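Since the structure comes first, as structure tokens, the remarks are kept for the end.
Here the chain labels run A, B and C in written order, and each chain numbers its own residues starting at 1.
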């Protein structure tokens, strides 16, 4: 199975700024600390959200907006590299004021209300790099 | 961006007691191990639940109860300090017997059926301390 | 409270194969790296899913299938030992193309579309071992 052991790197805690784009803010944290590969976890709230879902048949992402304040119940994912740039891949479960959940792939357009983020660097060896995968049509890790 | 690197501390695994209050049990684990700052993750089930959602407009938490057994699908969050006391901030996704999800901020009143908890201490430097944040009305980390 | 400190072990990143059974693939990663106790986290997508929920009154798992492609929004859980074998216990939140969430205990029958998995070994001391727990009817850790 495609798997690799990494050395533990640094552990970064961040408080993301009110009004920031969630995806961009995560990339900024990674870049400010010079982190190329990391695992990401966060909780908080967003002022509004934009999620995506990958259609496995058509191989295209569908995106939709949720134009309302939501709890960021869970954010889980990772930072790796794609064409020499920081690639943030995170999924989120959001909840409205009645506790109803919405889940998916985090797209640009999620606006931070408050967010407590943990980043665990994975160091040692070649950084994980995304490359086009024929079987799924997705940019998956080609060197895991 | 407000972010800080921490040294890794101890890693604690806990089995929370049947019938315990989920929030109180997490605080007890942290205190028994002398942990001031940590990341928290758990799965399990609750006998009943009480969740909250922060209303970003009125700046007040609304709380509601779910008086039924539920799977604790995901619990994610952290332990830090507030006014010298242990502050547990965790969010949860719960599911009923049909898989329907409810999500939010964990309030007092979630009663443990079974819970497998992982706590990763963040050591080194000044412990993260919550202080009132004007922009959101929330007790956010003032010294991240 | 039943809790124990562990030494940190190895950190493994895996890309699970297209078409694999999610539970079996996680066990394979652990076994290939000789890991007996670990925490598990993942995101990705499944071609179809099978979830379970433990009925706290009847003490039996109910299972159901979701015969459709779904985002694997969050997978959280652990690897420990039961009767000398690898025991994978993970919970998942899944979302359909409209973002509607389904959550529960991951059963055999979740077929991987793509999955990025992180495994953090917990080393040192006696491996966590599951044993029948009278109070819940579940195989919980008897030596945490």
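We take it that contacts are C-beta pairs under 8 Å (C-beta built on N, C-alpha and C of every residue); 3 or more make two chains touch, one makes a residue touch a chain.
All of these numbers come straight from a predicted model, not from anything done at the bench.
**Q** Given a C-alpha superposition of chain A onto chain B, how large is the rotation in degrees, taken in steps of 5?
**A** 120
**Q** Same or different: at the chain B/chain C interface, is the fraction of residue numbers used by both copies above or below half?
**A** different
**Q** Which integer distance in Å separates the CA centroid of chain B from that of chain C?
**A** Inter-chain centre distance comes to 21 Å.
**Q** Taking each residue of chain B in turn, which ones touch at least two of the other chains?
**A** 8, 41, 74, 76, 93, 101, 103, in rising order.
**Q** Please give the residue numbers of chain B that touch chain A in the complex, ascending.
**A** Checking each residue of chain B against chain A gives 1-8, 39, 41, 51, 53-57, 62, 64, 66, 74, 76-78, 89-93, 101-105, 122, 128, 133, 135-136, 138, 140-141, 144.
**Q** Contact residues on chain A for chain B in the complex?
**A** Touch list, chain A to chain B: 8, 10-18, 25, 28-29, 32-33, 41, 43, 45, 47, 69, 71-74, 76, 93-101, 103, 113-114, 116, 118.
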